[in-house]
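Two complexes come next, and they have one chain in common, subunit A, joined by subunit B in the first and subunit C in the second.
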Partner chain A sequence: MDATLKEPKKVKAPKKKRIRGIESKKSMYGRMFILPWCIGMLLFFIIPLFQSLIYSFSTVWVEPGLMETELSGLENYKFILNEDPNYTNNLWSAIQSFFRNMPIIIIVSLILAIVLNQKYPGRMIFRSVFFVPVIVATGVVMELLTKNLNGVDAIITLTTETENVYSEGTGGMDFTVVLQSLNFPEEITKTMSGLITNIFNTLWSCGIPIILFLAGLQTIPEQLYEASTVEGATKWEEFWYITLPMLSQTLLLVIIFTMIDLLTQNTNPVIQQAYTLMSAQSVYDQSAAMLWLFFGIIGLGVGIVIFLYTKILLKKWN
Partner chain B sequence: MEATVKKPKKLKLKTARRDQYKRYTRSKAGNFFYTLFLLIMGLYSILPMFYTIITSFKPLDELLVFPPRFFVIRPTTSNYSVLPSLLDNLSVPLSKYIFNSLFVSIVTTILHVIVASMAAFVLSKTNIKFKGLIFAIVQFSLLYNAYTLEVPRYLIYSGLHMIDTYWIYILPNIPASMGVFLMKQFMDANVPDPLIEAARIDGASTVRTFWQIVMPVVKPAWLTLSLFEFVGMWTVTPTGTIFSENLKTLPYAASTIVAGGLTRQGAAMAVAVIMMIPPIIVYLVSQRSVTQTMSSSGIK
Partner chain C sequence: MEKENKKINIPEAPKRSIGITKYQIKKNVKQVLTMIARYALLISVSYIVLYPLFALIAYTPMSRTDILDPSVIWFSKHPTTGNLVAAWGALDYLNGLSRTLLVGIVSAIIEVFTCAIAAYGFARFEFKGKNLLFALVLLTAIVPVQILAIPLYLNFRYLDFFGLTKLIGGAFFDNPDFVIDLTETPFTFWLPSLFGVGLRSGLFIFIYRQFFVGLPKELEEASWIDGAGPLKTFFKVVIPSSGVVFLTVTIFSIIWHWNEYHLSVLYFNNKHPLAVALSGVVSYFTQSGINYETAQGAISAACLLFIAPVLIMYMFMQRKFIQSVDRVGIVG
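== the complex of A and B ==
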């Protein structure tokens, strides 16, 4: 990385002398601007990252005051894949829950963002209703909201129960029963009822995508809609031919953000397992291997998504 | 437009109805479902928060009622007034924790937004060498959960003598890559290159271009970023890197209170409500500006 920072000087230098003054000054500013971030990145991300990569390929043990490592090749990876009873299951369930939640979050947050983007009195209040829980329900408050207090179930479950009591009182319905009666395949029924019980988590995961979509929606010039109205386009066509293509960059951003957010939450089973191993049993090598394998898979997934998105969808829209 | 005049009376917001109708659907049913969808989702989203706030005003006997009641019958503020005394055994007053949290969150947020925007500006609008590589690192690093880096990072902290200082909160969070990623995406989309060209031709320096042209244009983006960063920092609890009671933050104090168990439930709720206030204030301040249109970008 050091090389990265110094290199541009060499590139600019061979240019002709008379333009050198301004150009080198400009490139110097460029480097100055990115320098603080690069230093921080190097210190707190890249060096630790390589260190942990080394751990994943080594046997690590702790001596008083320092950590000893010895390269052991793929031992850790073989162990976690073949011998650890939980790792592959955790990995599988993490991926499954990701595929269940991802499309719902994207679609729900896009719809909510479009509806919330309208100009009407009280829209600040409506927006706040969606964002405020998202921004407050993190860390300790989230813990509090879900924590097992009073020997009863989590407060969220309580609220859901009170809800159910109300809805039953007014002739409400049990979603699971309804879904089963519709003769959907069992998998869909399970997914749907899981979603309904997890509605708080799902909705709270929508908060940041909604903010991103709203910021994106605000950059679409009003004239486009005016023109399409004059041309007689329906709202449905407006959505597919104006809103969605204009949101293409934001959509990619949201997809990547949601993928990362869903998969790297601390509640993720793989991360939980690795962290317990690391903090409770001080097994640094295997836990590093677990995380690296997991992040390798996520990285591959994100890479494929970006590739497909830019190659297929963006081409179609531009 | 004629159609918008006569409306079903069922819907809640009169003008919302008109606008939505005008913009999105041409049927009463579609219109109705939009509003209904919004209302149901909104209700589900906000309920747990209301429950927390209401519970924080419940006296002890109402807290222990089973099944729990949603509303409070005899509200009391004793849950709040008892807070300082609950922390007596921690030797540091509650206000110190609040100060620490606010200090750390505000400083980190400001520094992070500046550093990330500067880096994003370079990545988005200049031709610095290894631009592609640096941006690849940004995207790559988004994937990594802090847990992965915890152990190696600890070694670096101790090498830099950062353990048990404020720096441990501030420094590692400044180069977070989410900010750079967000800012670059917004600058790519919303700062047209001709704008930068024009500024350069008019003789503006790089610094001036950045501060007076780019930053105002992407104001909604960096306000949103500061909201995220503030919220993230507000709940930060370092493990194993802060030992002085003096330097610990409010989430730590909150979890001590929560750990008190059954009889402290009201106090725990009160602390949760206190924890909610600053993010809400930051949200209100930043969103007010975010909702302004970004149409002032100069060229369009």
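== the complex of A and C ==
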């Protein structure tokens, strides 16, 4: 009912009067559909979110049966930033790897999705193959596969150091050495070798972005491409003027998804530190502060990206 | 690429030109080159993508002699089942599997429906504050679960929403300190799922909503005119025509529930599901001199056992799943 009252000029007056009853009924039905979700969101999202925010600003200690909190202002934040020896380093490396990996994952998965979307024999097989890392290379399995735990060698070695050892032993090619001998500046050498060793991790994280992009590509009407071919557009122009603008909504979804995926990975050093603090030492206040600071910075960064994206690019494309 | 094919086939069909023109050679060469490049890219990426799976399968049957033998890379020369047996015991496989099924899969199935219901409300009806609430849906999707983990754990450990439990405890059991402890029970996952705020529910509501918005309204209007209520319309008209999106969300939800670790490790100390058991498998092997062939082989076997059910499910459903992704058009 409120919706109809707010925009009365768009609807013709007599029609409005006729449908008003149905509309109010419909809005009631709408509320009915989302009522369970509203309750759940309050209980399992809003309240815990505020609780954890409060923990980060207070001293928390556990008494048998209950948790006691006392507000202490910025104490926890000051402690983790000034006195904790590892936090600032972890924070910095986590933020760096987040903003480094995010664009790579998005670009790589977009390219792969476009290739997978073309028509050629065997494309269904490749499509189903590309989803496999979502099942295999996630969470705990990944951690077991790529880490040296308790003196057991990792099954898959990815780090630069071990690769150097291997290449020296077998006489294989080491990209770092090659790039250095070509007199590239060290910055570029580092990034390049980082990219090469990262390619495994990147491709394993691409499973769902590829699926999302593929779904988005399916919604682009074929006629647009036909029309552009008739007009004489090149493939490059087709990509920038048709594919990308038509994928704008998908791109937003992929950004959001990749963000959650990167943030919640077990390999994230900040999360690891906070989790060990929580589970091993039952320190809930500082760990909460650690997580809030990290997610706050990331949230701010991504918020700016999404804001610019919707304000500039989406406007330009639509 | 289809378009290129057509372009070439059309001039060939009349067979007017006797020899092959330069233009055609150029076109054909270009076509062959793009095909080679495409397959080269796809095959090399597929190799990287499948590499962990290959490694797991290769390491599982490896015995001690195989690990030390430098000529053995992929195929074991002296295959053994010792690793698999050790991993089976370490994971407490059948118990862990049944717990994962009970906790994760049931929760996933509940979530698939409750998220659809909420998303339908967002997609089809107008009401006050809808946009604000939908922004909250996106917020639930974005906020990482780690930040909520401790308060959620405490809420389930000492279940007391708005002091209700204490009230009931005081009134009925004459015990003001009465608390319900839901940890170690599947309700820790079932309850949030039941209210549509389970694992990654925000993302699912978003996917559903985009799909429902794109669904033609006519069928639902016809059902309304025939006198069916909104719930009946939803179950009899909307759900049957949304099979593809349901399949997509079901597969996502099952996989994420299967891999869920951050909350399970807090909620379950003794009766933990497979993912938690798997995370402890390395320390289990290295601490208690369990009989296994090689540590790497045993760990691989454990990982393989862990992913096997989901992998088999995916193998059976992949064709439908990939086709459904084609048709869902997740972002309409």
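Here is the rule we use: the second predicted complex is superposed on the first by the 268 of 318 C-alpha atoms of A that agree within 3 Å, B and C clash if a C-alpha of one lies under 4 Å from a C-alpha of the other, contacts with A are read in each partner's own complex, and residues count from 1 in each chain.
The rule is simple: contacts are C-beta pairs under 8 Å (C-beta built on N, C-alpha and C of every residue); 3 or more make two chains touch, one makes a residue touch a chain.
Just so it is clear, the model here is predicted, and its values are computed rather than measured.
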item: Side-by-side fit of subunit B and subunit C on subunit A, or clash; value: clash
item: Partner chain(s) touched by A:Q51 [first = subunit B, second = subunit C, both, neither]; value: both
item: Subunit B versus subunit C as contact partner of A:W240, first or second or both or neither; value: neither
item: First, second, both or neither for A:W92, with subunit B first and subunit C second; value: neither
item: Which superposed partner A:F307 touches (first subunit B, second subunit C, both, neither); value: neither
item: Which of subunit B and subunit C A:I114 touches, first, second, both or neither; value: first
item: Which superposed partner A:P221 touches (first subunit B, second subunit C, both, neither); value: first
item: Which of subunit B and subunit C A:F130 touches, first, second, both or neither; value: both
item: On subunit A, the residue positions that both subunit B and subunit C contact, one per complex; value: 26-27, 29-31, 33-34, 36-41, 43-45, 47-49, 51-52, 55, 67, 112, 115-116, 118-120, 124, 126-133, 135-141, 143-145, 149-152, 155-156, 199-200, 203-204, 208, 211-212, 214-216, 218-219, 225, 249-250, 253, 256, 260, 264, 266, 271, 274-275, 278-279, 284, 288, 291-292, 295, 299
item: Complex contact set, residues of subunit C against subunit A; value: 1-3, 35, 38, 41-42, 45-46, 48-53, 55-56, 59, 114, 117-118, 120-122, 124-128, 130, 133, 136, 138, 140-152, 154-155, 158, 161, 177, 179, 191-192, 194-197, 200, 203, 205-206, 230, 234, 252, 255, 259-262, 265-266, 275, 278-279, 281-283, 285-286, 295-296, 299-300, 302-303, 306-307, 310-311, 314, 318-319, 321-322, 325-332
item: Residue ranges of subunit A touching subunit B (in the complex, touch as defined); value: 4, 7-8, 11, 26-27, 29-31, 33-34, 36-41, 43-49, 51-52, 55, 67, 108, 111-112, 114-116, 118-124, 126-133, 135-141, 143-145, 147, 149-152, 155-156, 158-159, 161-163, 165, 199-200, 203-204, 208, 211-212, 214-216, 218-219, 221, 225, 234-235, 249-250, 253, 256, 260, 264, 266, 271, 274-275, 278-279, 284, 288, 291-292, 295, 298-299, 302, 306
item: Contact set on subunit B toward subunit A in their complex; value: 13, 15-16, 18-20, 23-26, 34, 37-38, 41-42, 44-49, 51-52, 55, 63-64, 66-68, 70, 115-116, 118-119, 121-123, 126, 128-130, 133-134, 137, 139-145, 147-153, 155-156, 160, 171-172, 174-175, 177, 180-182, 185-186, 188-190, 205-207, 210, 220-221, 224, 227-228, 231-232, 234-237, 239, 251, 254-255, 258, 262, 265, 268-269, 271-272, 275-276, 279-280, 283-284, 287, 290-291, 293-295, 300
item: Subunit A residues touching subunit C - in the complex, by the definition given at the top; value: 2-3, 23, 26-34, 36-41, 43-45, 47-49, 51-52, 55, 65-67, 112, 115-116, 118-120, 124, 126-145, 149-153, 155-156, 199-200, 203-204, 207-208, 211-212, 214-216, 218-219, 225-226, 229, 249-250, 253, 256-257, 259-260, 263-264, 266, 271, 274-275, 278-279, 284, 287-288, 291-292, 295, 299
